[in-house]
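After the structure tokens below, expect a handful of questions from me.
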Amino acid sequence: MAMRIIRRQLPIAITFLTGMIFLSEWFVTGTVLTSFTTGLSNFVQSVHVFVFAFAAINLTIVHVGRIRRQLRAERRDLTEMLLSGYLLVLMYLVGLVGAYYGHVRMKIPSAVPEYLWWFNNWELPCEATAYAGTLFFVLAAMYRVFKIRSRETAVLVISGIIAMLGTTPLIASSWQGFFQLGEWLDRTIVTAANRAIMIGIGIGTILMGIRTLLAMETGYLGAKEE
Amino acid sequence: MKISFVDTLGLWIAAILTIGITSIAFKETLFSRWSERSYLATATAVSIAWFPTNLDRYILKRISPGGVWTPIGPTGGYIFVVFAVLVGLMAYGRYSRKYFWLYRYMLSLGVGTGVGVAMRGAIGANFIDQIKATFLNLLVPGDVYTSFNNIVMWVTVLSCLSYFIFTIKTIEHPTARMVSLLGRYLLMIAFGVSFGIANPTRINQYAGRIVFLLQEWLKLQA
Amino acid sequence: MNLAIGEQLLQVQQAFAKGKAFDLIILVAVWLLALYFMRFRKREIWIRRLPALDFIEECAGRAAEMARPLMYNIGGGGPEDVNAPATVASLSVLGYVARLTARHGVELIAPMRVQASIPMAQEVIRTAYAMEGKSDVYETKMEEMLIWAPQQSNQVALIQRTKPAVSIMIGPFWHESVQLAEISQRLGAVQIGGTNRLVQIPFFAAVCDMCLIGEEVFVVGAYLSRSTPMLGSLAAEDWFKVMAMFFGILGTALATMGPVFVKPFMDLFVW
Amino acid sequence: MVEKPEVEEKTIWHKLEDLPVSSLFLLVILSMCLTTLYPLGLPVPITKMSKDTFDAVNTLPQGSYIWIYNGYGSGTLAVHEPGLIVILRHAIQKGFKIILFSDSGPIMLFPRVLDAIKPDLERAKYVYGKDWVYLYIPGGEPVWATVFLDVWSVVMVEKDGIPFEKLPLMVEIKERGSTYKSMHIVYCQTAGSDVVDAFVRQVNVRYQAVTGVRLIFQILELMVPPARPYYEAGNTQGIMNGGLGAGEYETLLGRPGGGLKVTDLLSLAQLITIAYWAVGNVGFMMRRRITEQKRRD
């Protein structure tokens, strides 16, 4: 019973209390509650210093596990093993170089040329390309999925193509029709539809929040173990 | 301008990684797997590199905010920091079979904050402000265009809202069904326009990579 | 120092205490109505069908038939940001899906983007398998089930490698939505998508076979559990949408009559 | 396996519907390369939204305080970097005091921006710490809320660890009282719509009535439709529409840069996409017609 309280009831109570404090602070700004929420958000920030380091530890556990499984397996996938090892070595090399020079020498990693070299030539192109690479998936979806299958998809596809034609400078600079039609759709129907979805999401969030605070949705704690 | 060997090496690595990550969209190969792992490694390395700086600024400096030793306050204090460190360390409880429930304390603090912040935003910005924005003048004197636009917007908001009704049985009525069907079609138009705009967005972003490859790496000028 | 902050806060309070009274009234009203429907409404509550959720069971069967895995993605929202409600909602679907995969003997893959979500998902899956009496399966397969894939390219690569028969994505998603949906579509997977994030809904609507739009994401927990209190909270939600529509009609009528008429009504909203 | 019905049915329409997507990818990349090397130089039509954004900055008097949240990562570099550079150039030209603040990611990307604006800084004789400053502030909405109330209570040092006491600009802000009194315009660059909501709440809803603070954004093109309700309702004074918007701003300021460069690449790539879409749809419809005819026979 005592264990149950410590393991389950107390976390639920904490959720309820923090949620209610943040919610009440919105209405009575500037009382003792505000300094409480400020303190709490500073606290969460301090806690996050540790969660920040979580990523590296997690990755290490996952990949060391993978390498060990490969070592035990009958048919070894050598490339997989090498790739995992490569990942770990690269991560710690870059991370520790950055941490050492960054903290000991300059107090901030972004001021260290050695670390900036890594960042600019490894991290930056990777992230920029991965993010921009969404282009290829949008293109593929345009070609493969954007088909007039039914009346509903016809509406979706045709308005999409109008919007696209409107944002093509080559067309917009010679004939403004698509540009204006796209702009009109954007200003009326799209704005209004988004408004309706926003109202729905708003009320849905409130009710979902109430259910969470009242411990009806406890998915985040895992299911009951007793 | 003198370009050192290290800079050239960096340029080549950046270019190879750019091509490698792009190739993921085409097909899975050894090259794409290598670039994916490199990405994961360097992205995680950032968290290691910033750890001492963050530790110094958000834990050590907060023990005595402003150089004064205070037990607890909104910006720090030693009791405050001890608690923060304890809760932060609880997150690691999940690696233990016996003490896995420890992580729940950190999580419940997080979920409480998240839900509270989400709810307070939802009432004002999402619910009330948007209802207020639907108060439209449907018959603007002497301005047919604006009146028409307002009527379109008003019909769209109401019919789309009716599409989101779940438990009131009246929506099964044929007339109500027509309205919510209209709402669905209008939603589809909105989605179509949003999807269409995604294409230029992504082309713009990829353009940065193309400019890098051609002008910085291959040194081709327009 | 502290006193100075206190003084400043007092000034802020004097300046901003206005404008939130109506918010508070609405919140209290929602809360009370929800409590009423949860506690005292004994009559059974009807709920309209959500085809996307009914489709999940069929999907699990399909994955079993094809002997290919089922992928469930809970999205990239952390438990401590504003997307917490959607993440919590998504976890309840994960529980349902995990029970189905345990029952049909389908391999479940759940890529995780946020580290803080991993322990939550782990717990949910563990209990689901235990409820179906398949704890042993969970113990041996756990590492292949929960895969930490923090970047979008890791998730895409994971889909390319495992070739799932079904891909379910419910929760908060960012730009990766279209990447994940398109690549699984290209590899022939059946897909169910759903997100609370306005910007990403169109991609799921266009690419996925079934789609949950906006608010429908928050309904899933209640829809799948079918318990009266949960459905009751949905009824409360609906009445507030009806109220929003009523306000919309009333406000527009007043606005059409003239700015003099709508002014008092507008003032109520910023009270 | 003797009959192979699928293979027999394969017509030209099947092929049109099922062209390899890599061909589309390659064509689009090729077209983008071509337009980079041989720019079309098409003019960008100026929308009202971009004009409003420009005016929001342009109409402020000299010596105003501009707060810039450059919350972008490497992913949206191509769009947000021109947006930051052009705003900084404009602010320096107008003689504003500049306070930049961000998380760790953008700090790493800042040296690139600094290289670009160095001539402007030197020409205007801007001194770091006196005329502009860069703060490292990790955290989300609750933290920003406190920053706008009292920045001194959240951080005590700027990004390189120089204490605020040694920075005349930060001392000046402290002397002016609560931080929001030293905020005339806030420029927020982001790729997350949650951040847009947060800034509207924390800057516009809280302080506009008191200090008349202006709020402008640079967000991605696809985030503009959901954010437009805020613009129409006056919650934000302007939105820079991604790369297109940066291009328009550069045109308005008369300083062409990265924004116009990326916008120029749109035309050809989009037309190729639309052509592929049309081909795919024709193939799909013709195939469907044939299938239906066969079923009727």
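The first chain written gets the first letter, and so on, giving A, B, C and D; residue counts start at 1 in each chain.
FYI, a contact is a pair of C-beta atoms (placed from the backbone, for glycine too) under 8 Å apart; a residue touches a chain by one contact, two chains touch by 3 or more.
These figures come from a predicted structure and were not determined experimentally.
Engineer: What chains touch subunit B and also subunit D?
Structural biologist: A, C
Engineer: Report the chain whose CA-based centre is farthest from the CA-based centre of subunit A.
Structural biologist: D
Engineer: Please work out the Cα centroid separation of subunit A and subunit B, and write it as a whole number of Å.
Structural biologist: Subunit A and subunit B have C-alpha centres separated by 5 Å.
Engineer: Starting from the mean Cα coordinates of subunit B and subunit C, work out the distance between those two points in Å.
Structural biologist: So the centre of subunit B lies 15 Å away from the centre of subunit C.
Engineer: Could you tell me the distance, in whole angstrom, between the mean C-alpha positions of subunit C and subunit D?
Structural biologist: Result: the chain centres lie 28 Å from each other.
Engineer: For subunit C, what residues touch not just one other chain but two or more?
Structural biologist: 1, 5, 9, 11-12, 16, 20, 23, 27, 79-85, 88, 116, 118-120, 122, 150-151, 153, 175, 178, 186, 198-199, 201, 203, 205-206, 213-215, 219, 234, 237, 241, 244
Engineer: Indicate the residues of subunit B shared as contacts by at least two other chains.
Structural biologist: If we look for residues of subunit B contacting two or more partner chains, we find 21, 24-26, 33, 35, 39-40, 43-44, 46, 50, 54, 58, 66, 73-75, 91, 107, 109-111, 113, 115, 117-119, 121, 123-125, 127, 130-131, 133-134, 154, 157-158, 161, 164, 187-188, 190-195, 197-200, 203, 205-206, 208-209.
Engineer: Which residue numbers or ranges of subunit A touch two or more of the other chains?
Structural biologist: In subunit A, the residues touching two or more other chains are 22-23, 26, 35, 38, 40-42, 44-45, 48, 51, 54-55, 59, 107-109, 119-120, 123-128, 130-140, 142, 144, 146, 156-157, 160-161, 164, 167-168, 186-187, 190-191, 194-195, 197-201, 203, 205-206, 209-210, 212, 220-221.
Engineer: In the complex formed with subunit C, which residues of subunit B make contact?
Structural biologist: Within the complex, subunit B touches subunit C at residues 21, 24-25, 28, 32-33, 35-36, 39-40, 43-44, 66, 73-74, 91, 94, 100, 103, 107, 109-111, 113-115, 117-119, 121, 123-124, 127-128, 131-132, 134-139, 154, 157-158, 161-162, 164-169, 171-172, 187-188, 190-192, 194-195, 198.
Engineer: Could you pull out which subunit D residues touch subunit C in their complex?
Structural biologist: My answer: residues 21, 75, 140-141, 149-150, 153, 177-178, 191-194, 197-198, 206, 209-210, 222-223, 226.
Engineer: Which of the residues in subunit B end up touching subunit A in this complex?
Structural biologist: 6, 9-11, 13-15, 17-18, 21-22, 24-26, 30, 33-35, 37-56, 58-59, 62, 72-76, 80-81, 83-85, 87-89, 91-92, 95, 101, 104-113, 115-120, 122-123, 125-127, 130-131, 133-134, 149, 152-154, 156-158, 160-161, 163-164, 183-200, 202-203, 205-206, 208-209, 212
Engineer: For the complex, give me every residue of subunit B touching subunit D.
Structural biologist: Interface residues on the subunit B side: 25-27, 46, 50, 54, 57-58, 61, 65-66, 74-75, 113, 117, 121, 124-125, 129-130, 133, 190, 193-194, 197-201, 203-211, 214-215, 220, 222.
Engineer: Can you list the subunit A residues touching subunit C in their complex?
Structural biologist: Within the complex, subunit A touches subunit C at residues 23, 26-31, 34-35, 44, 51, 54-55, 58-59, 62, 65, 69, 130-131, 133-134, 137-138, 140-141, 144-146, 156, 160, 194, 197-201, 203-212, 216-217, 219-225.
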